[in-house]
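Here's the structure, in structure tokens; my notes come after.
The letters A, B, C and D name the chains in turn, as written, and every chain counts its residues from 1.
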């Protein structure tokens, strides 16, 4: 599956709800979640209701507002009014789509994405502006081809330069972007083991985030990948570049090549 | 082939026929069949006139009305007025596209999909709301890679959770959905042998449905897959999740991996 | 490459030329050639100006009019007024795009497709209604994987049923369609050797057409495939079904399987 | 990723800037860069902000004007007003998007593509009309599969005929197109080694251009490909045909076949 259609910008077809979490602006988080989910669906990353996405309104009035897609919904058919909104301060639920007029939701009982605690970890531990979770087959295949490893590694591929160089700022104890990775750098993505319930991944995801200060993503064995970035477009670009590298890595490994150049 | 275009909802361009089986509502079964066939075509599931789909009007006035695409037609070019309509009670034919005005059909002689008795089996034995049949190459390849087996098996892949947990209700003798499959569950899809005539698959399909109360799909060797669900969107999601798993299974098997984790 | 966009029927945007070989009707041969070339481009069948298509106006006033796409042009950007038109009776050139107003063609010097004599062979020897020529990689790979053979063979795949059962009518000496191929039939497509100049393929293509009365296609080694049918939609469906089978055959052969079931 | 949507020509949605480097004409270089970047994105050639493109305004008033996409930007979301414009005579910067009104650029700090010196080499050494740079995975895989070689070679594939036959004109000392390559010709593309900084590729790219007067492209190991042509459409067609051949070459090599017929 693939190929977004760029022929017309998806219009935010918002009913006249008295709802401060909706907007006509295509760059509003609720609208971007819908647009990106269609793109991800076409890449076979979120088919079968899989995967998810969350955006923090980093450029809005309250940069602590987090928009989260609901769970178990066909991602390519999401509508802006189907989002949950949470305030990062205290993780207070500000909006649920279950309060929408019935003609919009057909009384569907929404639940926030099962990835919510994982997304929250990226926001609080890394001050991310957006988190993407896909079931990309290239990601799953890499966790299988590197089945006895807890790290995926690749080096000396130009596309690595699309990923951020991250570093601990010792004075603030925060991870900061200090530039881009270099061609000759070795990209290392931790792989954590899957759990029966998605929320149970939280501890190992947090541990991986702590142990790998240089990473902007975590692979989950037999499951997929979590990617975050400073804002939604960075997260989208990092995820795209990572998926390119994972796809290439499957081809290299299958052809008997090492992904790390000695 | 791939990539549905989401940029504008396909409009039901219905001529002013005095026909109670047509509607302007995009969610009407006749319109959804057209929309989904375009999507399936883009996934290479129904090219060359292959495959088919049928929807029961579970939310309409008469939930026993079944809409069926015609046989041997280019699926991506179907129009809403080309459907057959059958009443499940007695399997009475209520509508045939052969009665449409000539300017719409060019006097084409339509036949109902050759899958009709197979679709009917899903409706009557499982109270399905929709049935999808594709010639997915991942499905065909799995039946070939598991060439000496009568079951396809996979376990410990996150995407399995998109599939339903089905169970026999002993008091009603009906198969009921009791939840979703778990990550660690083993998904088992029966494989039946193909027959020269599609309708001759009916007996073995029914036998597989009886013998596998937990399945929502049947693979047909060297042919494709049948998938059903409680309503059209569930059937679409199950088919999508299954195809993802079948595609992944081909990659795993080709790379020498078992699809069932010991 | 892939995925036609079905969201809006491509409109025939015809300037008001006094040209009887142009029409507003989307089903007009000049318009269909453009529509199908876009579809074929998206399937990676005619990228890099490769491939071609020709349609005979079998339902028009003069069923001997043949529309032919020009040579060496980007197929996905063709316009209806860029076609050549030939009368099959005597192969007289009735229309050339070189006479179009300069603002439409920018004084480009058009040549008819190099496939023209090959298309003509299909029209005269088989009374085809349309001919399609692609550089499909599945076709090329099959001619390489069957590198020491002059026939490609496959059997016992459901999709074979989309292809026509052809038979010599002894009283008229014409090849006629007598039904569809069966699941258990062995599909045999002759493979001819490529030549430096496309027109030099004519003799061996004609010989293959004569020697294989049951075929509706000819493979060209290291080059692609020619497919024809009774009308443009049949040719499109046959080509689609054949490409599905060639793609599957590459997968089967690569996995060490025979494409013909013993 | 794949599949451009051809259903409506992308409209140049130009704000009423007083800017002589913008135009409503879809064939204007700034607009074509945007259109082609969307197409390349759908082919997975420029995802993750990778790759680039530059067009010389060969049919405009000043054929020495060169339009260059900015660096590090999502290529599929480029807008016409985000281009740099350089005069080839003296390489004077005539336009930078950094002077655009803030509402268009959000004060983003643009840099010209890191490929700029490489593009310039193609313009000055070969009088190219356009240069395309992609991170095509088929290109990267060929540089890996031909890992100990400094040339990629393929022969006897029909698609080779889409590439130009180039020859040194001894009287003018310029490389000129004298026709098309033949089916039996051996296509040779030099492979240069990647460097940490893209601009450091300039010397080896120039050396390859000098040493391979017959080539219209240079592969960069573990990175991608540079392709140029007499004008933007030729460059697009050459790149498309080359990528087809590189994709096929990966399949042939993986299947154990030589890409050059003895």
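One rule holds in what follows: contacts are C-beta pairs under 8 Å (C-beta built on N, C-alpha and C of every residue); 3 or more make two chains touch, one makes a residue touch a chain.
Note that this is a predicted model, so its numbers are computed, not measured.
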item	value
Interface composition of copies chain B and chain C: same or different, split at half	different
Centroid-based (C-alpha) most distant chain relative to chain B	D
Degree value of the rotation bringing chain A onto chain D, based on Cα positions, nearest 5	90
Intercentroid distance (Cα basis), chain D paired with chain C, Å	31
For chain B paired with chain D, centre-to-centre distance based on mean C-alpha positions, whole Å	44
Overlap residues in chain D, where contacts from two or more other chains coincide	2-5, 7-8, 42
Residue ranges of chain A touching chain D (in the complex, touch as defined)	2-8, 42-43, 156-159, 162, 182-184, 233, 236-238, 240-241, 243-244, 247-248, 251-252, 255, 257, 261
Contact footprint of chain B on chain A as seen in their complex	1-5, 7-8, 10, 38, 42, 44, 47-50, 74, 76, 135, 137, 140-141, 144-145, 147, 194-196, 220, 222-224, 254
